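Look for subunit A in each of the two complexes below; its partner is subunit B in the first and subunit C in the second.
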Partner chain A sequence: MLFNSIHFLLLFLPVTLAAFYCATLVSQGLAKIVLIVASIIFYTVWMPANLWVLLGSTVVTYLLALGILLEHDRGRPERRKLLLVIGLVFNLLLLGYFKYTPFLVETANEVFSLSRTIPRIVLPLGISFFTFQKIAFLIDVYDRQVGKVSFLDYCLFVFFFPQLIAGPIVHHREIIPQLEKRSFGVKEVELYTGITLLVIGLAKKVLIADTLAGTQIAGFQALAQGNAIGFGGAWMTMLSATLQIYFDFSGYSDMAVGLALMFGIRLPLNFNSPFKASNLVELWARWHMSLTRFLTAYIYNPIVMAVSRRWAASGRPLPKKGRVTVAGYFAIIAFPTVATMVLAGIWHGAGFQFLMFGLLNGVMMAICHGWRQFVQARGWAGNEPGFTKPMAVVATFIAFLFTLVFFKAPSLSVGIQMVANMLGQHSVSTTVNILDIGLIAILLGVVWFLPNSQEIVALSTQKRPAALSSGIQANLQRYLTWQPSAGWAMAMGTLGFVSLIGIVIGRESPFLYFQF
Partner chain B sequence: MVESEIYALLNEIFQDVFDDPSIEVTSTTSAADIPAWDSFNNINVILAIELRLGVKFTTGEIEQMSSAGELVQAIERKKKR
Partner chain C sequence: MKKYLPILLMTMLAFSSGTAAVLAFAGRATNSTMPVREMARRQMKDPKVIALPFDLTYWGDYKLGMAALQRPDVILVGPSRASQVRSDMFRPYSFYNMALTAWNIDQTTEMLEEVFRRFRPRVAIVDMDYFMFSEPYVKSVKARDMWFNAPVRYELDILPQILKEWTSNPSYFDRAFSDRRRQDRPELERSLGFAALRGANGFRKDGSYQHGQATFDQSVEKLKINEGILQAIPGAPKVSDVQLQKLSKLADLAKKNGVILIGIQFPMWQETVKVLDTDQKYRQSSGVWREFQSDEMQGRFEKLGIAFFDLSRDPVTTEYRNFIDAAHPSERGMLVSLISLSKNAKFLSILPELDTRGLENDLARADGSNDAFTIYGDAH
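Our next item is the complex of A and B:
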C-alpha cells in the first residue's frame, strides 16, 4: 500500500488510528498487537507473495538473538560468535538471493558467453531496509548493547508500517525503549505535528516530485533508444531528476516520521536540507541520514578500526591533523571511504551503474577528506570563508548531480551517454521549456533558502544554521514555524486537499526508494 | 581509574587529535561543540584511547559514542571488567 494512495490516506490510516486509540484504552499490549496486525496488512496488500520472507527472517533473527544472549550468560564466546555469523550470513544470503541473483546470472552470461535463463525473482518489498535493521540488531545483541527484548516489542520494531518499506533505518535502542516505557494514547500535539509532517511530505511527493518525473523519464528514454538529447536537454533532465529524487525521498521520510508520530513514536531525522551542504561529506551526513549512520557504524568504522589497529601495531604513526602521510591517507582514509560508498552504491541496486554511483561518491568524498588533511590542515586554504561558501554549496550540488546520473540511469552505458550530453559532446538543438526552467529555479530556491520540514515543525533538536539568524531568512523562519493555530490548520488542510486532488487526477506512483 | 583521571586523559587526547590546546573536555562536550569531531576524528579519538589504555571497543560501542560523557562511561565499564 502506498502512503500517497487514496486507500491508505482515507481508509487504512483512519481505521488503524481509530483501532489503535481504542486499543490503548484496553491495554498497551493490545495497542501494540493492533499496530503489528495493521502493519502486516499494510505489507500484504501490496505484495502478499513475499510475506513469508519478512515473517520468516524476523522470527529466525529473533531466535538467533535469544541464542546469542543465552550463550553470553553461559560464558561460551565461541558459540555466541557462531550464532552471530549464522545470523549475518542468513540475512545477507536472503538479501543476496532476492536482490542480486538475476544481475549475477546476467553478468555471468555476458562474461563467460553462457546462456543461462535469467530467473524472475520478485524482490520482497523493503528487503534492503529490514535486512539492515536486523543486521544492526544482531550486532548490537552480540556487543551486549541489547539486554532482553520481548517478542512483541521486537515484532513492532521490525514491522511498524511507517518505516517498514523504506526506512528511516531505525536502531532498536531508538524504538524499543519507547515501546517499553511509553503509555500509548492520544497526545494532541503529537497528532497535529504528525499530520502536518504527513501533509508536507504528501505535497512534496504528489505536487512536486511527480510533476518533475515526466521531464527526466523522457530524457533517459531518449538516451536508452540511442538518441542524443544535447546539452540543454541533458541538464534539464538531470536537474529535474535530482530535484525529483530529493522531493520524493524527503517527502517519503516526512510522511514516515509524521505517521509514526501520530502513533506516538518518534523516528530519527532522515533528511536535513542536504543541498545546503558545502561539501560531499557533509551532504551525506544530511542526506538519507539513517543509511549514512548505518554505513558509518557497521561498514566504515569496522574497516577503519581494523586497518588502523594493524597500522598502529606495526609501529607506524596514526594520521593526525596536518601530519598525514600519503600512505596513511590511502590506507586509513581513502580506502575505507571508497569501499563503504561502493557497498552503499551496490546496496541501492544490482547493476554496474549503482557501483559507479557509489564509486564516484566515494572518490569525491576521499578527495574532500584529502583536501582537509593536506591543504586546509596545513593552512594552505581557508575553511570556506565568506563568499566562497555559496560557491562551495553550488559545486557540491553539481558534483552530487553528476553522481545521480548513474543512480537514475537504467544502465552504465546510458549513464555515460548522459554525462557526454551534459558535457556538450552531442550538439543537438533542443527546445527547453521556459516553464520547466522557472519551476527548477523556484525549487532550487526552496531547497537552498527555506527551512526544512523538521525545522518548520521544530521537531529537530539540532541547532539552527547560523545563517538563519539574520534578515529575510529569520523572518521567513518565524513565519514558517508551525503552531497549533487555526491559520496553520487551514493552510495544511488546503495543502492536503490539493494533494489529494493531485492523486485523483494524476496516477499513483510509487516512491523511488520502494524499489530497494 | 577514577573519573577525573579519565577526563585528564581525554583532555590530552582531544587536544592532540584536534590540534587545539584550548579544548577542555566536560561530560557534555559533544560533536556539536567541536566542529572537527566527524566520523574520521571520532575513530582517531577512540584509537588513541585504545592505545593508551590497552582496551578494545566494539562496533556497537563506537557507534554510540557521540559525547565525552558516553566515552567516559564506556571507559569506566571497560576498566571495571
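Our next item is the complex of A and C:
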C-alpha cells in the first residue's frame, strides 16, 4: 500500500488510528497487536506472495538473538559467535538471493558468454531496509548492547508500517524503549504534529516530485533509445531528476516520521535539507541519515578498526591529533570511505550504474576528508570571504547531481551518455521550456532558503548553516514555524485537499525508494 | 489546540463538498454521470446513441439492462475479442452482443446467471479461448469483475474520474457546456459517458463496440506485432483443472435454464497462431494452447453439452482485413466467421434459419466498397 494512495489515506490510516486508539484504552499489548496486524495488512495488500520472507526472516532472527543471549549466559562464546554468523549469513543470503541473483546471472551470461535463463524474482518490498535492521539487532545482541526483548515489541520494531517499506532504518534502541514506556499511545500534540508532517510530505510527493517526473523520464528514455539530448536537455533532465529525488524522498521521510508520530512513536530524522550542505560528507550526514548512520556504525567503523589494527601492527604510526600521513590517509580514511560508499551504491540497486554512484560519492567524500586533513587542519584555509560558503553549497549540489546521474540511469552506458551530454559532447539543439526553468529556479529557492519540515514543526534541533541564515530567513522561519492554531489547521487542510486532488488527477506513483 | 484537528478536517470537507458539487453538476450537464440503466433506456429509444460507462466494471450492468430490454434469441458473452459481432449477422434471429463483460469463465458464468434471472435466450454463445484455461491469465483479469446494481458506488467512483477527465481534456467539458448553453447538442445527447464523446468510442444498440477511426488506421501496423497477444495474455504449461470444473458448472447452468450453450474460440491472426505453434521460447507457456486443441479436450466439451467451434485456424485468419489487431477480429472477420459457421451442420442445427445468403451478400457489398470495419454502419 502506498502512503500517497487514497485507500491508505482515507481508509487504512483512519481505521488503524481509531483501532489503535481504542486498543490503548484496553491495554498496551492489544495496541501493539493492532499495530502489528495493521502493518502486516499494509505489507500484504501490495505483495502478498512475499509476506513469508518478512515473517520467516523476522522469526528466525529473533530465535537466533535468543540463542545468542542464552549462549552468553552459559558462557559459550564460540557458540554465540556461530549463531551470530548464522544470523548474518541467513539475512545476507536472503537479501542477496532476492536482490542480486538476476543481476549476477545476467553478468555471468555476458562475461562468460553463457545463456542461462535470468530468473524472474520478485523483490520483497523493503527487504533492503528490514534486513539492515535485523543485522544491526543481531550484532547489538551479540555485543550485549541489548538485553532480552519481548517478541511482541521486536515484531512491532520490525513490522511498524511507517518505516517498513523504505525506512528510516531504525535502530532498536530508538524504538523498543518507546514501546516499553507506560505512556505509549496517541498523544494530542504528537498527533497534530504528525498530521502536519504527513500533509507536508504528501504535498512534496504529489504536487512537486510527481510533477517533475515527466521531464526526466523523457530525457533518460531518449538516451536509452540512442538519441542525444544535448547540453540544455541533459541539464534540465538532471535538474528535474535531482529535485524529483529530493522531494520524493523528503516527502516520504516526512510522511514516515509524521505517521509514526500519530501513533506516538518518534522515528529518527532521515532527511535534513541535504542540499544546504557545503560538502559531500555533510550532505550524506543529512541525506538518508539513517542509512548513513547504519553504514558508519556497521560497515565504515569496522573497516577503519580492522585497517587501523593492521596499520598499527605493521609498526606504522596511527593518526594523532588529526594529523595523518598521506599513506595513512589513503589506508585509514580514503579506503574505508570509498569501500563503504561502494557498498552503499550496491545496496541501492543491482547494477553497475549503482556501483558507479557509490564509487563517485566515495571518491568525492574521500577528497573532502583529504581537504580537511591536509588543508583545513594545517590552517591553510579558514579565512575565506563570506561568499565561499554559498559557492561551496552550489558546488556540492552540482557534484551530487553528477553522481545522481548513475542513480537514475537505467544502465551504466546511459549514465555515461548523460554525463557526455551534460558536458556538451553532443551538440544537439534542444528547446528548453522557460516554465520548466522557472519551476526549477523556484524549487531550488525552496530547497536552499526555506526551513525544512522538521524545522517547521520544530522537531529538529540541528542548526541550519550560518551562511544561509540571513535576517530574512530568520523572519521566514519564525513565520513558518508551526503552531496548533486555527490558521495552520486551515492551511494544512487546504494543502491536504489540494494534494488529494493531485492524487486523483495524477496517478498513485510509488516512492523512488520503494524499489530498494 | 483541541480544535486543530476538527478545523483541519472541516477545511478539507468544505473543499471536498464544494468540488464534489461542481463535479456532480458538470457530470449531469455532460451526461457523464448518467446511471447505467438510464443509459440503456436512452439507447433503446434512439439507435444512434453510443454509450460507454466510464469504467469497464460497470459495462456488465449496462449491458444487462440493454439485454433485458431487448430479450434477444441469441446473446454472446465474452471479452473484447468478440466485440465486433453485429446483430445483423444473426438475421432473422434477434441478437445482443454482451462482449467486454467477461474475460474468464467465472465472469462469464456470473453474467449468464444475471441474464437468466431476467430472461432466457434460446442460445447463449460464450467466447471460449485457450487462455481462459490458463490460471495466470485468469488471475490477471480478476480485477475486471463486474459491479451490478451499485448506483452509489458508481456515483462515488465517477466523480474523481470527471475531475481527471476535466483536467486532462478540458476542451471536452468546454464544448459540452457551450453546447448546453446553445441548446444544440445532438452529439452530446447521442454520446453517453465522457469516454464516448471524447473518442467516439462506445457500445452500439446491438452491444457491438464502435471504435474511433484511429483504431482502424493503426490496424495494419498492429498486425506486425505477432506476439502482441502473447505479451498481454499470460499462458500456462497446461489446461487448468480448476477452470475445467468451472466450465462444467457453466454448462450445468445453461442446461438448468434450458439454454443451448455454444462455445467459440474466435479467429486469431495467423502469424500469432504460428508463434503459439512453433516458438520455442514460448513453448512452456503455450502448453495450454496445445492441450486446449487436443481431441480429448474437444470430447470433454461435447460431453458437457457445449457446442464448441474453434475458428483459430479458420481461413479467416489469413487476411489482414479480418483483424483490428492480432487478437481482435474486425467486423469483416466476424462476418466471414459467421458465414463459415453457418455452413457447419452442427452450428446450423442450432440456428437453422440463419440467413447465409444474406451474409454472403453483405460480404460482397462490403468488399465492393472496400469496407472491413463498419460493414453494418456506425450508430452515428
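Just so it is clear, the second predicted complex is superposed on the first by the 497 of 516 C-alpha atoms of A that agree within 3 Å, B and C clash if a C-alpha of one lies under 4 Å from a C-alpha of the other, contacts with A are read in each partner's own complex, and residues count from 1 in each chain.
FYI, a residue touches a chain if its C-beta (ideal position, glycine included) is under 8 Å from a C-beta of that chain, and two chains touch if they have at least 3 such contacts.
Only a predicted model underlies this, so the values are computations on that prediction, with no experimental measurement involved.
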*Considering only touches as defined above, state whether A:D140 meets subunit B (first), subunit C (second), both or neither.*
first
*So, A:T296: does it touch subunit B (first), subunit C (second), both, or neither?*
first
*Looking at subunit A, which partner touches more of its residues: subunit C or subunit B?*
B
*Classify the contacts of A:I505 with the two partner chains as first (subunit B alone), second (subunit C alone), both, or neither.*
second
*For A:K320, is the partner it touches subunit B (first), subunit C (second), both, or none of the two (neither)?*
first
*Touching partner for A:A31 - first (subunit B), second (subunit C), both, neither*: neither
_Looking at A:V342, would you say it contacts subunit B, subunit C, both, or neither? Reply first, second, both or neither._
neither
_Which residues of subunit C touch subunit A once you look at their complex with the stated criterion?_
1-5, 7-12, 15-16, 19, 160, 163-164, 167-168
_Looking at the complex, which residues from subunit B come into contact with subunit A?_
16-19, 32, 36, 38-41, 43-44, 46-48, 50-51, 58-64
_With touch defined as at the start, can you tell me which subunit A residues reach subunit C in the complex?_
188-189, 191-192, 195, 484-486, 488-490, 492-494, 496-497, 500-501, 504-505
*Partner subunit B, residues of subunit A touching it in the complex*: 139-140, 142-145, 173, 281, 285, 293, 296-298, 300-302, 304-305, 308-309, 312, 318-322, 333, 369, 377, 462-463
